[in-house]
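Alright, structures below, take your time with them.
Common to both upcoming complexes is chain A, partnered first by chain B, then by chain C.
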Partner chain A sequence: MERYPATKGGGRGATATAPGRARPAPQEAESAADLPPLLLLHRPRALRRARSMALPRLLRAAAPRLYSTVPAPAPAPAPAGNRPRADDDKLLTEPLSHPDFFSVKELFTLKDLFDARVHLGHKKGCRHRFMEPYIFGCRLDQDIIDLDQTMQHLQLALNFTAHVAYRGGIILFVSRRRQFCHLVESTARACGEYAHTRYWQGGLLTNAHIQFGPGVRLPDLLIFLNTLNNVFEPHVAIRDAAKMNIPTVGVVDTNCNPCLITYPIPGNDDSPAAVELYCKLFRMTIIRAKDKRRQSEAVEELQRKAQGK
Partner chain B sequence: SWEGRVDHNKLCPEVKAFPSPTVRLICTTTAVQKRNVGASGPEKYTEAFIKKQIEEFNLGKRHLANMMGEDPETFTQEDIDRAIAYLFPSGLFDKRARPLMKHPTEVFPEQRKIQWGEDGRPFHFLFYTGKQSYYSLMHKNICDILNRNLAGSRWLTKIELEEMLLEKVSDNDYSRFIQLLQKLATLPCADIEEKYIQKFSKEVPAQLQKVVIEPLQHDERGVAFSTGEGKRKTARATAVVYDNGTGRITVNGIDILHYFPVLQDREQLLFPFQFLGRIGKHDMVCTVSGGGRSAQAGAIRLASAKALRSFVTEKEVEFMRQAGLLTVDPRVKERKKPGQEGPRRKFTWKKR
Partner chain C sequence: MHGSDPARASAGAAWAPPPGALGTRPRTLAGAPVPVQFPFHFRFRFRVRAAPGRARGPCGGAAMAATAGSRTQKIGSIFSRARNLVRIGLLRKPLWLDVYAAFPPLREPVYRVPRPRYGSGDPIGAVLYREDAVRAKFYKVYGNGPKPFDLTQLNFKSTCQRFVEKYNELKEEGKIEEEKLFEETGKALLASGILLQRRGVDKGAAPRDAASQPQLQAVLGELQDKRKDGQEQPPELAGTQKESPCPS
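Moving on, here comes the complex of A and B:
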């Protein structure tokens, strides 16, 4: 908590309190104030609606724990080498002042997207009504996705992912296609993040404190390589993430519903070439962001040591 | 730990040699509390709790030893059991209902420790699935399957076995031996004998199925030529295509106009040349046997297309492949089935 106050506020809104956790009220205000401008600008309708659910949770959190038998987990001791608050702020606010701090635009070109067959959608009959703005046209009954829009959305999504990874957020890759299950898990492992390509148990996000344990930390970002599950219905995790105020990045095909996804990426999710391209891009962004964080911290350490001397 | 814990002072008020431990309530039932405990699953014990229980157990052991007048250092579990049975005689039938004092690790079931670090990040990358150990096993299995050496292994042949044993082996003996080896390999603990089994198996290296296009050959006149083989239904054909030709095609020594009177068959023969735009540039000599008129034409077409690959660039070979010129036509005559008049035709249905 002392180390990453802005992380908790950065990944979600100030409503990230677990019910039943005794945290003094002033801490809530701190994390609310730390909400970075990035999220305030891009907060979609889903999050704004979910905020109204947050108020009773805040009140509950402020009340003392009355009935639990498990002792309250002791607050994590401040790790050695705790940096002063001023440096923390500088490290976290500096990337937000640049539009493309992690130079995400260099990672891909329109030709790469075209070669990976990202523009190919499903047939006209499978089209979802809300995907019509993203479709360029229809040829021989097959929908073609507008790659200019895909480029913009992909840049936004990768930029957001990079920022979340920079702040040490937990990223969860979700996909329910058996064909790409192994690829997605390997990508997550390579980045040092987490994956869930198996059957989604109902209360994973909404009932986490009972299923996993009292002090669990929920993911700060969900990345969907495939928004539909095996029966061609929207994945339950999209709705749950919107309920829990967790932002989502998702690749939406022409038969998917882009409504509740924070950063949709209109594109093909069926071809192996396209999915490999997405995995490669996400992996490179996350590794880049983490490396940059480590570099900045190292630079700061050196500066502080120099000043201290 | 002490299940039926009671206050020392109440137990033996006259003995006040040692300070009494903190007064504890005898465990209340969960029905007293208002929370729905069933929803949270089995009770979870934190590491600190277990540690404390162990400390209390050791302390209690020493107290017990003191009470019994024995040496606290050499007080074993059997002594504890005897002491408890002496101090708390119980007439209960079920042994598990009697008061017991055991080491906390035996009393509290082993549970998983906290799965995440100080900053809250879980250790395992599949933590959020709920069943991390099981799914990581599945993931590893797929990795193993993908990384496995594609080369298979085969058992020794009869001749190799004869060489190994320096004895004659009959067919029956050999087949029984192979069956026995397979049975041994499928037994549960076959890994122990794997070295022994490997003595009788050989690695078969995986052969790459890349098609090799043969280079041009030259005959005694210096003209470049290339051969190709083709088949269609029961017809088998070989074609030799010569360079610097005028477009003469000979089949079994006979000119095509005489061998294939029908236009359709001649069109089939010329199609590969027409596709590549080399109609008047090559001579061809073919031999064909088997099949009928159309089948022979198709067989020669495939043979000539295969022969032409050597004259042409790789891109054009790919175009030919996409046009279907290099694929063997798999269609053969379908067999007649019993109860039907032909392969598909059923007998005439009569209402009465």
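Moving on, here comes the complex of A and C:
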């Protein structure tokens, strides 16, 4: 079954790059039982204005993470639908105990990033305010991205990607640059994952069950090679992924907003050398993770057979 | 979303929120309820999808774990929302939750309102080196330099870079005075084979002008004479034109 149907006409819609292996069938049927909205708060305007001035900001400043400091209530009893499988648990929890299970740090060095011109940002006037922490300095009005921070962020992002691929997650590459559209699609095809480098229809993630039918499995990770769309605005998929609780990994340039991206990678997204480097790194990471999964499963099988005998 | 799903048979059954779903209003440490923050009009919408009656495969009879979603991307991060929903029991644990918990990002991806920065202060400083003074003078005097930049080579050294390195060498030797260092570096580079032409100033341009002006004057004078003379001009002009070789 195709998760993302082929383009319907004129290049619109998601491109389907079906992987070689079979995907598991959806495990539960979809029957929507819409609940009435739980909380609907409406305050009169005067009160809202008076309150909105001082109090919320003060409280927010005084206790920014109030909700997270409240001790967690006892977890609800595990629903019967969860089927804990002992062997899967070990397979899944063991990689998390290693700081770098997939040796992602070996894949790149600072010199590689420098040679691929990852440190080159846009001009000073294009700078986004939230990118200021990631910028090393400004050389003749051109922003230079701090490659030490980029190394850290890239390592975290690749590690996360590897773990998601290891657990059999669906990864969707997104980029709206025509220059790199083919490269991104071929990278996705090489990994056995998916790509979407065309016009993003409004409800692809948020209205998926209508557009693609019930029982669609949404991607577990979105990788943005370019977070802006054709008109230099943040790509809609960033907001939609945040809405659907899907983690994102994205290359953010100096004119991008890194707020909603789970694992941002501050770096150049305009030079072909840089984008080729990113594609190569993601491809190697995902293939490595999948190979490791297959290896671990094979080892488990052998052990089980040995025990069984 | 609303009514397009065929399997809504159990929608009419009485629904009670699972314990702890609504939750008590969060309270401060002193016990007073926290007033609801701006914006006041947000709403939580939990869309619970349960599949009780649809028997499919081995898991038909058992009550399936509900899947909910909270589409409020401006409140908290995906991790906080997903973790809380899982803890309540409304959401089946997503694939990435454990991985995020084990390897969190350096900054929690919380939404922030993008506000412009006011004032003249620039938090990012300029990147300048001591050699930039030499480079600035080089470009002012010599223009772009004779050799174009070849950025395809990673370890390419431009004329300006060679100049700067030579300048630093001579400075370290210390035999030459500071005011003359610049000229001495130019001479040193000339000795090693790099020709530097000063940008658009007298030495190069003046002799050409001085040479061409008498030529122009001579030609003009001839034309005037020939006009006075009459019709003897064309063959002579043609002759003179053929004789003078093109300097290209």
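The working rule: the second predicted complex is superposed on the first by the 225 of 309 C-alpha atoms of A that agree within 3 Å, B and C clash if a C-alpha of one lies under 4 Å from a C-alpha of the other, contacts with A are read in each partner's own complex, and residues count from 1 in each chain.
Definition applied: a contact is a pair of C-beta atoms (placed from the backbone, for glycine too) under 8 Å apart; a residue touches a chain by one contact, two chains touch by 3 or more.
The structure displayed is predicted, hence computed values, not measured ones.
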| item | value |
| --- | --- |
| Contacts of A:Leu204 with chain B and chain C, given as first, second, both or neither | first |
| First, second, both or neither for A:His163, with chain B first and chain C second | second |
| Which superposed partner A:Tyr263 touches (first chain B, second chain C, both, neither) | second |
| Which of chain B and chain C A:His182 touches, first, second, both or neither | first |
| First, second, both or neither for A:Leu92, with chain B first and chain C second | second |
| Winner by number of chain A residues touched, once chain B and chain C are compared | C |
| Partner chain in contact with A:Tyr194 - chain B first, chain C second, else both or neither | first |
| Partner chain(s) touched by A:Val118 [first = chain B, second = chain C, both, neither] | neither |
| Common interface residues of chain A - those touching chain B in one complex and chain C in the other | 67-68, 70, 73, 76, 79, 168, 210, 214 |
| Residue numbers on chain A that touch chain C, as the complex places them | 27-35, 37-43, 48, 51-52, 55-56, 59-60, 63, 66-68, 70, 72-73, 75-77, 79-82, 92-93, 96, 115, 124, 127-130, 132, 135-139, 143-144, 152-153, 156, 159-160, 163-164, 167-169, 206-207, 209-210, 214, 220-221, 239, 241-248, 257, 259-264 |
| Footprint of chain B on chain A - complex, ascending | 3-4, 67-71, 73, 76, 79, 168, 170, 172, 182, 185, 188-189, 192-196, 198, 201, 204, 210-217, 219 |
| Chain A contact footprint on chain C (complex, rising order) | 1-2, 4-11, 15, 17-22, 26, 28, 34-38, 40-51, 54, 56, 59, 62-67, 69-73, 76-82, 87-89, 92-96, 98-100, 102-103, 105-106, 109-112, 114-117, 122-128, 154 |
| Residues on chain B engaged by chain A in the complex (per definition of touch) | 33-35, 37, 39-41, 43-44, 46, 48-49, 114-116, 118-122, 125-131, 135, 139, 142-143, 146 |
